[in-house]
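Here subunit A shows up in two complexes: once beside subunit B, once beside subunit C.
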Partner chain A sequence: MQNGMVLESQSVSKRFGNFTAVDQVSYQLFEGEAAGIIGPNGAGKSTFFNLLTGLYPPSEGRISLFSRDVTSLRADQRVMLGVVRTFQLVSVFDTLSVLDNLVLSVVRFHPVAGKKARFILGSAHPAAIVAECMAALERVGISHLAKETTAKLSYGDKRKLEIAMGLALKPKVLLLDEPLAGLSDGEITEVLDLVREVHKEMTLVIIEHKISRIVDLVTRLSVMHEGRLIADGVPGEVLQDPTVRQVYWGAESSRVFSGLAAEEKAEV
Partner chain B sequence: MGLLPRTHHGAERGGEGMISTIAYGLTIGAILYIISIGLSLTFGTMRIVNFAHALVYTIGAYALASSLPFFGGSFVLAVIFGVVVVIPLAYLIERFVIRRLYGQSIDYAIIATYAVLLIGVDACKWVWGATPLSVSDPIGTAWTILGVDLPVYRLIIIALSLLVFVVLELFFRRTVVGKVVVAGLEDKEATRSLGINVDKYFSFVFILGSCLAALGGALYVPITSLHPYMGFQVLLLSFAVVIVGGLGNMRGTFVAAFALGLVMAVTGRFWGAASETMVFVVMAVALIVKPIEV
Partner chain C sequence: MQSSLFDTLKKFDLLIIAAIFLLFIPLLTMQRTTDFMIFCVFVLAFDLIYGYMGRLSFGHMLYLGVGAYAAALSAEHLSGNPFLALLVAVVAGGAVGLLLGPIIVRTTGACFALINLAFNQVGFFLALIALAEWTGGEDGMAAFYDSVWIFDFGDPKVIFGFTLLCLIAVVYFVRRLTDSPFGILLRTIKENETRAKFLGYNTFFYKLLAFVLSTSLAALAGALTMLNYTYATPSFIDPTRNVEVIFACLIGGAGNVYGALAGGIGYMVISNYLPNYIQRWEMFLGIALLVVVFRFQAGIWGYCRALITARKGEVKA
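This part shows the complex of A and B:
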């Protein structure tokens, strides 16, 4: 497990006015991990992702990627270093076609064809770029929708498209912000299978609301609460942690928690 | 009356006047469209209300008038010069004013860009004086359509605005750069998260929009008179166009510009004093029907 360090935050905080969304979080991610981050709504999970990916500058603290300080790098520069994310509310471009969405991801990896093509009508799609886009769509199983306007896709297909766009960026680390939210049971199974497949090639961090969905997928689990990281470790141990149980299921419900744990075991 | 042509045939003549009124409305709409597209894009991409847009419009107009003698009276060359000359100016405004305002409160942008406009207008006064200048119609002939004389120059302006619309549509829907901008209009953070330095593309769009404003200013010179404050009236009308058309909505801007141009011309025909007011009445109605979320 102790491979190289991929991603590290050192006491990062993010304040919005008087509200501290992320509070002194120190977190380390190692190569090959599939790390889960759970926590109640408003715990600061998505804000933490925004700090890692550079969409927000931290109020304090440092962020490193592959042991390089990236605190002052822009979001797009961090993407090029290999950190790619998806959003809680699926973020694809509704007004573009499905294929064009992928073209936006892929075009930078084709410096010659890409650069020349950028201002030229129609040649936005040289054969090599289209082939790569289609392969990416194929992988998530929506290549038949390539020509559609993205607005027409179901939410689940949009999620698959978003993941395809992320993968097309050739990430070393993929950060998935509640990838299962809003999906049907069937789609959840498909996306989870895809995530498992993807994990063979890259390091993953998954934010999820329902522990049961990811508990058999992740090799490590962290819990955030009110902006702080309150637990971090092997899933089984973290779930037994009394503070976590208190936060996640409330004081009254250790009884309920045993029930949930049983349900989770059943799912595993 | 600010943006209405000096010789407003529609008001002077009686019966066949409605046709020329409509023709003038379309001319005003064409100019308004060319000017407003940059304002709309700047707001849609950068979320910045850019008052300095009126300055590049004014500079474009003065650059045309001043350079005309150097190009041996060639109007086309002088227009091109007017458009090109604002590129460095737009770059400087973007680099040193607009870029510092990203993510700031919208009032800072209004104050800062308004300051740029005031400084620029005073500079224009210093260079060219406050006395209005005029440039004569470069074509000078008129076509008779349905019994009404319509100056060819104004028909060319309408045709040019259609050309600008088509070129922009092709650019934004069919090229990768255009698609990046469209994606950025839709969701800036998601575009960033694809490893795209959106701000670079937005700077390009800013300069493109400024060039179009200068084009609008240059084209408008032969119809109106040239003075340092010409930008102010146009600015307010352009804001009305952008708001009615939808911020950052390129097709909406096109439709709104022509609709408001016609509103101005038709109102002006029956009640000259109210022509510009009516534009803002329409804007107010648009805001009531569809409030802006900033």
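This part shows the complex of A and C:
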């Protein structure tokens, strides 16, 4: 079982004051998976991502990466081990040009430009680095915006940029926190295609609100509710689980529930 | 047309900077012009932390003062070699940065500003009272430097030339620093440090590095002041004088090498001429600051650049 384990949490909890945002979550992620995490608002999904990626330490429990305990490692150290994330609210650097947003990612693992002396005193824009940045932008389809100030980009383009910044770090695991939220239908299709493409190269975890959008993309689905992991398994089975139905869709409108149920039958 | 002219000028920026200061000599005394250049070095040091990294320090006089006293003490206790004094000063500035930095760079905002100020006040007290035996307390201390080869720092022309070289070197160095990926990292730390960490950078280390570079350069400015005046007084480490460098950085335009120079010169010109006409000239500094805050937020340089880009747009259109 140890073989192929990428990321693991062992009964991690996170408390903010008296409030328990993540409650004893044990979760295992295996190489090559595309795992979905769903759950209602405030279920603790983003907090769980924050624990996995090292934004803050858990109140309890441990986190390991490739069977190595990383609970006490900083966020940047975990990035170096291959865990890269995006944020629920797109997080890019508005004051920089689109190209400059990518430079740090491209340079991070670069054999020449990544060397300390070069990093500190060398140019940020040698041809080789610019070419790599452009290739990264090309991949997400926004290379025509390279010279723009990032603040001018649409939300969807910023999302693509953020994903490009993540991919340029050559992650082993990519954690996407609601990558489709706030995007137009056209952009959703583009980003989903991109994610599908990316999955060929790395392990993925995707938080998503609307299950229908990712249900045919993920190989595995987990449901969080009130900080706990209440179901975890093959999407088809998880969606049939009576507790999941009651807890998750019970809280949402019955329209969503029946819509999903119909969608799911069509899948099977 | 305008833009290509501008780009050509930019290629020769170091020469232009040198020319500007040479033009000041007939207007002022040589010693005063040297003062202008030293102040520009100090503004550049400050701007690395403020303009680029987004951390406002209210205590940078400490690092300038450390440099000045270190240069003076070096002459008194080690040797009269001026270059040794400069080296000692820069190392001392760096050491103080390295000592205090780990505490200071953890903080942001008001905390960062005030913790610098607090250390500055401690430094001022040390120089004025606690270590008066070494620093001469209120009277300050004088130091004289041997002449080495062609460098006779008793001659204002020599110190002018040497300071100009130092300034050009610092401009070049700061520009290399800020045009590098490190420079981009500093700007990302300014905008959103957490996000920068998630790009795999140990931001603490790089903040400390920027801080130590800044304190070292500030100490260089202090040592040059020492060479220029051959005495150090507690006014070189006086926390109330922090406003000068902050003001210069704001009027010039923070986060830009040319902005820092424009601010340094602008402030020195104001503080040099206004007192001749108006007794309480500081009030006009306050008014100027209000104008900057409300009308020219990007400073003199930012305003010039906006004009240039607007012209560029016109040309294209």
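Just so we're on the same page, the second predicted complex is superposed on the first by the 240 of 268 C-alpha atoms of A that agree within 3 Å, B and C clash if a C-alpha of one lies under 4 Å from a C-alpha of the other, contacts with A are read in each partner's own complex, and residues count from 1 in each chain.
One rule holds for everything that comes next: contacts are C-beta pairs under 8 Å (C-beta built on N, C-alpha and C of every residue); 3 or more make two chains touch, one makes a residue touch a chain.
Given the structure is predicted, the values throughout are model-derived calculations rather than measurements.
When both complexes are overlaid on chain A, the residue A:M80 reaches subunit B and subunit C alike. Shared-chain residue A:T53: touches subunit B and subunit C both.
With both structures placed on the common chain, the touch criterion links A:D94 to subunit B and to subunit C.
Comparing which residues of subunit A touch subunit B with which touch subunit C, the overlap comprises 53, 55, 74-77, 79-80, 84-85, 87, 91-96, 100, 103-105, 107-108, 118-122, 124, 165, 169. Residues of subunit C that touch subunit A in their complex: 176-177, 179-185, 187-188, 190-192, 194-203, 209.
Subunit B meets subunit A in the complex at residues 170, 174-177, 179-180, 182-183, 186-187, 189-198.
Considering their complex, residues 53, 55, 74-77, 79-80, 84-85, 87, 91-96, 100, 103-105, 107-108, 114, 117-122, 124, 165, 169 of subunit A touch subunit B.
Chain contact summary for the complex, subunit A toward subunit C: residues 53, 55, 74-77, 79-80, 84-85, 87, 91-96, 100, 103-105, 107-108, 113, 118-124, 165, 169.
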